[in-house]
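Each of the two complexes below includes subunit A, the first together with subunit B, the second together with subunit C.
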Partner chain A sequence: MPQSKALAFALVAPALLFLAATLGWPLVQAVQLSLQDVRVIGAPGNFVGLDNYERVLANPAFWSAARLSLVWVVANAVLQTALALAVALVLNEKFPGVRIARTWVILTWIVPTVVVVVIWRWLFSTSGGMINPLLIQAGIVERPVGFFATPWTALATLVFINSWRWFPFIALMMLAGLTRIPDELYEAARIDGASPWQRFRRITWPLLAPTLGVLAVIGTLLSFNVFDIIWLLTSGGPAGGSRTLPVLIYETAFKGYRLSEAATISVLATLMLMAFAIVATRALDRSDDR
Partner chain B sequence: MKNILKLALATTMLMPAAALAQDAVEVTLWHMEQPPHRVARVQELIDAFNAANPGIVVKQEPQNWGEVYAKTPAALAAGQGPDMLFAIPDFTPILKDIGALTSVEDFVKELDEKHDFVDSTVEAYSYDGGVWAVPLYNMAMNLWYRKSVLEAAGVEVPTTWDEWRAAAEKLSVDGVSGMGLPANKQLYTDQTVYSVMVNGGATEIYNEDGTLRFDNPETVGAYEFYTDLHQFSPADSTSWTWGEAEACFSSQTCAMVMQFSVIATYDTQAEGDASDLGVAAIPSKDGGEHNTISYANAVMLLSTDEAKMEASKKFVSFLLEPENYGRFLNMEPGLFMPVTADGAEAETFWSDPMVEKYREQIETVIENSQNGRLFGFTSGRTFPSIAAISAQNIIAETLQSIVVSGQSAAEAVAAGQARMEEVAQ
Partner chain C sequence: MNRSLGLNAALVACIAFFVTLVGLPFWWVVSGSIKIPQEIIARTPTMFPQSFTLQHYQKLFDASAYPVYLVNSLIVAASSTVLTLLLAIPAAYAFFRLVFPARGVLYRTILLAYAFPSIVVLIPLFGLFAKVGLVDRLPALIIVNVAFALPFSIWMLRSFLAGVPKEIEEAAVMDGAPTLTILRRIMIPLIAPGIASVGIYAFVTAWTEYVFASVLILSDAKRTLPVGFSGIIGQYQIDWGLLLAGATVAIVPVVAIFALIGRGFVSGLTEGAVK
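So, the complex of A and B:
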């Protein structure tokens, strides 16, 4: 082995070992657990082969949660990208106070989740909340609306709150991408008589696409794993209408006392995410090559 | 030189204490009363106990209800578990199943002779030939209202289901919901639904042989009534926990609510007029005996070390002594009710300013709690599956199938029994 290669391995080794200890080992444990019939932490289990996988894959609750996870990820991606892009484009302009705006926009992202939940719970409440009286005064509704009352309104409200929380982070990433686009390109386009829309479509969008691609992969993985906001606001309800895979895993392990079954769902979810990450990374590589 | 002498003197003075601490039996208490004022009150009692018992050192480590079910078996498996652990009845089968519990029947009998436990509180922990925890305090569901609101509407305090529905309908005016009822898949809904079930003849969910009898006409009737009453609840009550119901009552958006207690929020966040706060037993189907759900919180003794077990028993005995017990219960005045006869008369209980102010209401709550029941713990035959049924809130889930998904009560109850059978496997 050439000396430089050996040095490279030596330098990377600590990080790889750390990853193996913090990611690889728990994953091995999860797989091992998924092949047993452990119900409660600390209780002994017997080897049951692939029984848990059979049971989970035959359970409609698993597929319902997988479908909801997909809806959750796509809805969050669309809303967060739209909000973040709009804000990033505004913050990329030069106007008085832009520096302050760039700092303050991140506020919703740094607020602790529990505070976010308390704020929105109160805002949407029918007892003393602000949003219902505003909607009634504006003549939009006649009676207070239960935002978490039906499966679809609950999911839509959760997507809105989660996007509200996360879009500043994505906006800042996009802003970083926007600042890398040379001003000369816009100036040349202006001289050629390109309209703002044409400048966006021909310059901004194609040059921002690689950043958007990376954000899509990271955002999907982050959104998929969101548990706290959903659990604290709806616990996966009503009637399972917001029970995504992470919520199902928690419910199965700590409410249903089926630790091995929960580990099985975790392993399946990990496989889904790994498959997505591999496909998405390859797609990004191909687009970079072009 | 002077400083060295001071140091030597201090060391000499501290040595006996250090030696004593080394010899003392150390016992750890896990409880889930996390609010700082409750932790402080428990610490006051621990300090008093430790001072009176030099050979024992009790330490408290407050835990979270959301985590403790998963954390305890793991901690016990790792040899890091507590010696005493607060519990509600459905927690005990989990630990009993993994062999972490021994019966405290003799100890409970001894305490019963001295303090006279409310029978239903011991019953909830008595099954499989043993008693698995020592009852400490009780919480029972009640119907709360404002006397002035009912009077203004010309409504009598309801005692039957028909009167209850009529009252809720009449009180639903001008943006006010006549009856605040939760329909969330959550413990609070389990509690309110079961409070209706026990007043409609659907107390038992198990047959004697351990098979489930949830799917029966009485249960279906109770769900039909609850669903009918729920139409007078706020639109967001499908996501309610206890806090939202209390907020609804405090803000006068709900005319009546079912709750263990609203005293603290009513006193601090609403009018606080004790003479206007009404509390009644949960109405029964035909006006017969009024029952309710009650949670007798208890303490499990987990130590396998004889000295630690004795120290734990000594501490529990100390807590139940009337001169300490009232202070213990009043870590949250108006919420925690006594489980012993002498505790219910303890001067330390009734002398708290909040308890004094709402004495009339608290006496009614104590009276209501005498008929307390808890699903799965009603007949002295408790089956381990109740832990999973309770933890997965299947009683509440069944209600959501009706209120949210539009199933009929009969369909939902049949599906509920199927779910219970599934999780019981």
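So, the complex of A and C:
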């Protein structure tokens, strides 16, 4: 086609330059900052080489945050994907009101995170919250549970809240994949007498797998980055029980006034995520080729 | 479609479960916001309000600049949406319909932008904005939100553009239409559902953003809804009635917008599939 390459570049240039200025350049600055000893924004710093990296890598707080981030990402991926897949399968059926359901399932994702936080803080609270009385009525617990009182329950509750916010979004992306599976395949399977489970196992699952793969990568990146829900609900506590890497970065920079150290943790976190993204997209490409 | 009785029962059970999971919390919040304080913290919670009061709303609008936050949020979200679309549509068109050198590399670079923790750029961006005098100004938030929404938006447009038959474009080229005219007159109308989806995605991203808005904005009059709302949380002893009223007011605008165009978002997503 006789289209000029210059025009193509002109079309992508604004987006590229914008991202370079807003994400690329700050990333370079973060790397620079990690090699200095700046404590607060705007203060001058001296070049200290890899000192910060040595200190961070020797700091148990970094490793425990990294471990928590891993737990956080995996737990969210499992819960989100399970809920999302169930919703997507339901919404792919025909039933009265399915259009309304398809639109409004997304409700949890369109309200501000801060609102999500308040909703669940209230529902889980020991005074006036709805969850505790329900659990007591159902005979599951005897007295109100302090969901945010112990590290383990706090983390589990946070995972639930975050997944609650994101599963409908993921579900709609899955639904997009589901609607592309031709109806004829299911018709043929039904004529051959395949059970619902066999239809799922032999048609839905293999055809949906690539979409699930892409969404698993996106979901992982999304949930790794989650900061506001954790910060507003537990501030990383209790006893550091929910201090994931983004929380640690924020704390180090804005509470501990160790800007360079925070930048160092950021750079290390970025390297981990990039490594994951590259490996994951390679794996997806390979499964595409099969 | 004919389903067996067992499958139908399972479907109904699933629907009931998810309606409860998504709907009930919202019902509790909205209905709670009109209960009197004693009823809100009652030992046995009520499913339907037994009392009615607007005192929490009164307090909300008296004690905080809520309408100001609301307007700020709308300005930021709407501007971010427009800017995201202006940047994403031409870029996506070039990436997925035109051929040029280094296309693959550039596209992958954009996707990688999606893969690093946003908190990483918070510190350097603050410094950058301070230098150019953008701290405590709404444009700073617009820039940040566009940066976060853009990579995913370009990626989202891919499947929509892929769905437009090559012949339509070729016919236009034969007729001597310039590339930009093709983009404006043919592509954009054809991928309108996709544009709606991306627009909503960008709007929601900006509408819900909290961290950057809390760090980059210093004065109360420039606060967005999430930050203003979190201010109410800290400002008082936990006053659940006030918080529930605030939550309700924060939910209503997006719900109203979504009621108007939400269907486009979902059908847009499901018609242009993920790949």
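As a working rule, the second predicted complex is superposed on the first by the 276 of 290 C-alpha atoms of A that agree within 3 Å, B and C clash if a C-alpha of one lies under 4 Å from a C-alpha of the other, contacts with A are read in each partner's own complex, and residues count from 1 in each chain.
The working rule: a residue touches a chain if its C-beta (ideal position, glycine included) is under 8 Å from a C-beta of that chain, and two chains touch if they have at least 3 such contacts.
Computed from a predicted model, the values in this text were never measured in an experiment.
Student: A:Trp120 in the overlay: touching subunit B, subunit C, both, or neither? Say first, second, both or neither.
Tutor: Only subunit C; A:Trp120 stays clear of subunit B.
Student: Determine, under the contact definition given at the top, whether A:Gly256 touches first (subunit B), second (subunit C), both, or neither.
Tutor: First partner only.
Student: Count the residues of subunit A touched by subunit B and by subunit C, then name the partner with the higher count.
Tutor: Larger number of subunit A residues touched: C.
Student: Could you look at A:Leu273 and tell me whether it touches subunit B, subunit C, both or neither (first, second, both, neither)?
Tutor: Only subunit C; A:Leu273 stays clear of subunit B.
Student: Just to be sure I read the superposition right, which of the two partners does A:Ala58 touch: subunit B = first, subunit C = second, or both, or neither?
Tutor: neither
Student: Considering only touches as defined above, state whether A:Ile191 meets subunit B (first), subunit C (second), both or neither.
Tutor: In the superposition, A:Ile191 contacts neither subunit B nor subunit C.
Student: Contacts for A:Thr234 in the overlay, against subunit B (first) and subunit C (second): which applies, first, second, both or neither?
Tutor: first
Student: Is A:Val40 contacted by the first partner subunit B, the second partner subunit C, both or neither?
Tutor: first
Student: Should A:Ala138 be classified as contacting the first partner (subunit B), the second (subunit C), both, or neither?
Tutor: neither
Student: First (subunit B), second (subunit C), both or neither: which does A:Phe147 touch?
Tutor: First partner only, subunit B.
Student: Starting from the residues of subunit A touching subunit B, keep only those that also touch subunit C in the other complex, and list them.
Tutor: On subunit A, the residues that contact subunit B in one structure and subunit C in the other are 41-42, 127-128, 253-254.
Student: In their shared complex, at which residues does subunit A touch subunit C?
Tutor: Contacts found on subunit A: 1-3, 5, 7-9, 11-12, 14-16, 18-19, 22-27, 29-30, 33, 41-42, 86-87, 90, 93-95, 99, 101-115, 118-120, 122-123, 127-130, 133, 164, 168, 172-177, 179-180, 196, 210-211, 214-215, 218, 221, 224-225, 227-228, 231-232, 245-246, 249-250, 253-254, 259, 262-263, 266-267, 269-270, 273-274, 276-277, 281.
Student: So in the complex, the part of subunit A that touches subunit B is made up of which residues?
Tutor: Touch residues, subunit A against subunit B: 40-43, 124-128, 143-151, 154, 233-239, 241, 251, 253-257.
Student: Spell out the part of subunit B that touches subunit A in their complex, as residue ranges.
Tutor: The contact residues of subunit B facing subunit A are 69-70, 73-74, 76-78, 94, 97-98, 175, 183-186, 234-239, 244, 247-248, 251, 253-254, 387-388, 391-393, 397, 400-401, 404-405, 423.
Student: Spell out the part of subunit C that touches subunit A in their complex, as residue ranges.
Tutor: Against subunit A, subunit C makes touches at 1, 3-4, 7, 11, 14-15, 18-19, 21-23, 25-26, 28-29, 32, 40-45, 86-88, 90-91, 93-95, 98-101, 103, 106, 109-128, 130, 143-144, 146-147, 150-151, 154, 173, 179-180, 183, 204, 207-208, 210-211, 215, 225-227, 229-230, 233, 240, 243-244, 246-247, 250-251, 254-255, 258, 262-263, 265-266, 269-275.
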